[in-house]
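Dropping the structures in below, format is structure tokens.
Here subunit A shows up in two complexes: once beside subunit B, once beside subunit C.
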Partner chain A sequence: MGLKRDVSLSTGLRYRGPAGYLTFILHRIGGLGMGIFITLHILASFVGGRFGGAINGIYENWAFQIFIFFCVMFHAINGLRITILDLFPKLLDYQTEAIWIEWAVFIPLYGISVFVILQTALGG
Partner chain B sequence: MEVTVKIFRYNPEKDKRGNYVTYKVDADENDRVLDVLEYIKGKMDGALSFRRSCAHGVCGSDAMRINGRNMLACKVLVRDVGTNITVEPILGLPIKKDLIVDMEPFFDNYKKVLPYFINDSALPENGRERLQSPEERARFDETTKCILCAACTTSCPSFWANGEYYGPAAIVNAHRFIFDSRDEAADQRLQILAETDGIARCHTAYNCTVACPREIKVTKAIGEVKMAMMTGKLD
Partner chain C sequence: MTKKSRTLSIKGRGLTNFESIMWLFTRLSALAMYALILFGLIGALVMGARNNMNFADVMRWAFMPNVTHVQSTDLESTDAWVTPFWKLIASALLLVATAHGVHGLVVIADDYIASEGGRKFVRLLSIIMMASMSFMGLWIIWTS
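This part shows the complex of A and B:
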């Protein structure tokens, strides 16, 4: 007898990992977000009509665009970091610094994008 | 100082699920968490179960989650984790009792990567040892330090999701022999690690590197094995 090995999502998320663990989680959220976006997009084109229009309304909404832009941009920049470190394992000595660089690239780029989306959406 | 210790408890003979029991202990800031657990077991609750052996960070028996992160209880001081300490078993392995997990699945994965020296060619003419330069030895020095405590493997989200994944510890021990110039089974090990539950399941969360009590750069070792797999070169 004993308890099974199952690790629930909430238990896993509560693990106090390093900065790399946060990027690992955000990478998955990014992938999931893009999956939702593409599914909605295909569904809207396939179904059409009022239902399709309603779905279009979701992803044309500025709040959704800010979310999806986060997903795409973070997934791309984080993926690039992982690829570089995979190709040059010696750089893994500086994995923490690589994550700082990633945030230093991501935050201004994403900040500008959010600013432009908000200015367009709310500025008229 | 008074330390509040919240410990995961599970008795397979009575409990259907685990629960937490809190103890108040008078401890010194330089005490190790293992000392605190020993005190609780000795003076307050003899039924508390946990593994320990050398108590000096060598045997790797007492890996547990302390304040949400994998550590060896014998290597972490009270002053490093504060006066509110939560102690739980490591994740991803079946729990047998309290903080004791079933290590068999971990060792089964470890054995899959052939973690022993393989060389079937004849001994040197003098019949003595196979020589190795200091540089050749240094190539895998880091990964010889592994004590198989499972802190890395049980901190890995890929392992939590799939217990068949060999896990960081197995790959670290494969690295130790793959890059040993005297060993002749690197190709065999790389083939094993190329299987579905092998190295491809590493998604570089880095939890393993931080969890390792021996400060092995686990993700780097995995990265080097990945590169050897891609290029077929062991330099």
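This part shows the complex of A and C:
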């Protein structure tokens, strides 16, 4: 425990760094979203019965699918950028460019996914 | 003057303590999860998902290849989807994802909880969460 940052919760939440802040906070929201969802999902499936069934029913709703797919897709694609840049540290000099490529991959992939989910849910 | 890289190689950073080993584990487990999810996705398509499932169902299977995730689809038989092979893949994905996720929650908590006691409590909580989630997940996979 050598590192000591001494940052309060409110300061932490108000932090606005330079480039990459948006991907940082979206990665965090996506990770938290998945963490909460998977924890509740495992608990509900383990408990089972009417209570578990009611909780698990929420996840089949298309609105929830669009939300959780944002969390998963953004976390996965941003995580791939972080992984590649961290495992090949020389590439870190091109972080800004990498973030642009990341958006160019994420927006079409997520857009098509939302379109297909909506088409299935609303088109019958 | 040419721009000199400010970054260090992986070896140059010195993976000496638990936290920095977990830093590497987070990256490597992410790679493992891409492989497992892609494997589940391709497996679903090979087993006939193209004709009997919608996009959301295929993704649900890919992210956790457990048979309960495909029971509400138009599949005629789920026999091929409930083999020990898929249960092993699901277990591997569960354990890797739990370790990756629980460590991620600790990293987030560390950004907002700076006191020594608070951080110790977060770590205790994370070990309990990790053990219970792994146990419950494995129970669900192998009994469904």
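One rule holds in what follows: the second predicted complex is superposed on the first by the 106 of 124 C-alpha atoms of A that agree within 3 Å, B and C clash if a C-alpha of one lies under 4 Å from a C-alpha of the other, contacts with A are read in each partner's own complex, and residues count from 1 in each chain.
Just so it is clear, contacts are C-beta pairs under 8 Å (C-beta built on N, C-alpha and C of every residue); 3 or more make two chains touch, one makes a residue touch a chain.
Predicted model, so just to flag it, every value in this text is computed and none were measured.
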Per-residue touch tally on subunit A - higher for subunit B or for subunit C: C
Which superposed partner A:Gly20 touches (first subunit B, second subunit C, both, neither): first
Touched partner set for A:Gln95, first subunit B, second subunit C, both or neither: first
Touching partner for A:Thr120 - first (subunit B), second (subunit C), both, neither: second
Touched partner set for A:Leu32, first subunit B, second subunit C, both or neither: second
Subunit B versus subunit C as contact partner of A:Ile82, first or second or both or neither: both
Doubly contacted residues of subunit A, that is, touched by subunit B and again by subunit C: 1, 4-5, 7, 12, 82, 86-87, 89-90, 92-93
Of subunit A, residues touching subunit C in the complex: 1, 4-9, 12-13, 28, 31-32, 34-35, 38-39, 42-43, 45-46, 60, 62, 65, 69, 72, 76, 79-80, 82-83, 86-87, 89-90, 92-93, 113, 116-117, 120
Complex contacts: residues of subunit C adjacent to subunit A: 3, 5-10, 27, 30-31, 34, 54-56, 59, 63, 68, 72, 97, 101, 104-105, 108, 111-112, 114, 116, 119, 129, 133, 136-137, 139-140
Residues of subunit B that touch subunit A when the two form their complex: 10, 12-13, 17-18, 65, 67-69, 91-97, 102, 105, 155, 157, 160-161, 163, 203-207, 209-210, 217, 219-220, 223-224, 226-227
Sites on subunit A touched by subunit B in the complex: 1-5, 7, 11-12, 14-21, 24, 27, 82, 85-87, 89-90, 92-93, 95
